[in-house]
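Provided herewith is a single structure, encoded as structure tokens, for subsequent inquiry.
Labels run A, B, C and D following the written order; every chain starts at residue 1.
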Amino acid sequence: MKIRYFARLREAFGESEEIKLTAETEVSEVAALLKERGGQWLDELSRPYRVAINGKMAAMDAKVSDSDELAIFPPVTGG
Amino acid sequence: MKIRYFARLREAFGESEEIKLTAETEVSEVAALLKERGGQWLDELSRPYRVAINGKMAAMDAKVSDSDELAIFPPVTGG
Amino acid sequence: MKVVIQQSDFDVAREMAEIRKSHPEIGAMVNFVGLVRDFGEAGRVREMMLEHYPGMTERCLEALLVEANERWKIVDATVVHRVGSLLPGDQIVLVLVASHHRKEAFRAAEFLMDRLKTEAPFWKKEHTVEGWRWVDAKASDEAASSEWM
Amino acid sequence: MKVVIQQSDFDVAREMAEIRKSHPEIGAMVNFVGLVRDFGEAGRVREMMLEHYPGMTERCLEALLVEANERWKIVDATVVHRVGSLLPGDQIVLVLVASHHRKEAFRAAEFLMDRLKTEAPFWKKEHTVEGWRWVDAKASDEAASSEWM
């Protein structure tokens, strides 16, 4: 599954990465995996963030599978 | 005192006229005098209208004297 | 703050630029533009004539700007209202409010339009297939205006 | 209805003219324009960078226009949002709503701005005397947005 990062998270983690999902997984579990990496992963994901699945805002208990695009980003500040 | 008319009332009565006031008079009394002329005066002033004294909206019980400018016009429809 | 009554058309972008150039602290601008609709109560509109009370109209609009400025923290505002002959699609009125934040600009612009509709001495006459007729004041405008009291 | 994300500036008058020419029934247009303020939370702003999520941003704004159209009787609407490098005083966003009557246009424009602020994937970074910093989301924007629920 492709994970894309934006804004502050893009600067910390890079634009995107691929992780392998063998089954449907809750977004919160993916986030927990990322935080286990420690360091800035733990720091940044301890602050407020939002997620989108295939370009639509999603809740933390939404499920993703390997063909989805998951985006993780800070609360939006446009306008 | 100068009386000015606008819009539908201007078309019916002309742009303005002078009437002599010897003492302070209530706007409602001036209006009653005009209506006594009958015909279109009675017709037009039986429909809703507004008044302004020296360019400020006024109530029918406001007082005018000979040096004032009284304006009589239909409810406004700008914007 | 600026009030203009004119026969000629106005350019919204130019009016905005005039305010922006002197106020770098502005974060929000709300514009309202009223247009001559092609249909009125008496059918298709061919032309519109707008009459005003010179002097009183300007003072009335200036007083509304002062009140808007007292009620909301606005930075600047412009009202332009056209008079004379107008055609369907023509711009009639511009209310432009600039403020630090958007809520104040939205509130003040809506207030100015609602009160202008019931207080500023302008009168509209429409030319339809039935000839010229004076436009009647609307009860809905009175209701909208009185909500700001 | 039109959504555009672009680096270049926009011309409010031209966007209005584009809508007016195809809709003679329009009586009211409300524009909101957001500008880069010269002062932010960290002091004087020298420059701003705006980032977005291509694809998602457009779809999000289109969905907001569909919702505005369902909730109010609007005739047409345009949203233009800039990305990339902006300077103080620059225009950031235009929300333009055209309708028969003014109340619908005011409501829809304010709704679109409030929801854009909390839902559309844009992020701002400011350059101040302390260097570059990401702008924090505001609780007041969340509150304004949730009032439309």
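One rule holds in what follows: a residue touches a chain if its C-beta (ideal position, glycine included) is under 8 Å from a C-beta of that chain, and two chains touch if they have at least 3 such contacts.
Fair warning: this is a prediction, and the values are worked out from it, not measured in the lab.
**Student:** Just to check the components: without chain D, which chains are still in contact with one another, directly or through others?
**Tutor:** Minus chain D, contact groups: A | B, C.
**Student:** Take the average of all CA coordinates in chain C, do the same for chain D, and state the distance between these two points in whole angstrom.
**Tutor:** 23
**Student:** Calculate how many whole Å lie between the centre of chain B and the centre of chain D, each centre taken as the average of the chain's C-alpha atoms.
**Tutor:** Once rounded, the distance between the two centres reads 48 Å.
**Student:** In chain A, what residues contact two or more other chains?
**Tutor:** If we look for residues of chain A contacting two or more partner chains, we find none.
**Student:** Where in chain D do residues touch two or more of the other chains?
**Tutor:** Those would be 34, 113.
**Student:** Quick one: which chain pairs are touching?
**Tutor:** A-D, B-C, C-D
**Student:** Could you please specify the touching residues of chain C with respect to chain B in the complex?
**Tutor:** 34, 50-53, 55-56, 59-60, 81, 92-93, 113, 116-125, 134-137
**Student:** Provide the residue numbers of chain D that touch chain C in the complex, in ascending order.
**Tutor:** 11-14, 16, 20-21, 24-35, 37-39, 88-89, 100, 102-103, 105-106, 109-110, 113, 144
**Student:** Would you pull the chain A residues touching chain D in the complex into a rising list?
**Tutor:** Result: residues 4, 6-8, 10, 48, 52, 55-57, 71, 73-79 of chain A touch chain D.
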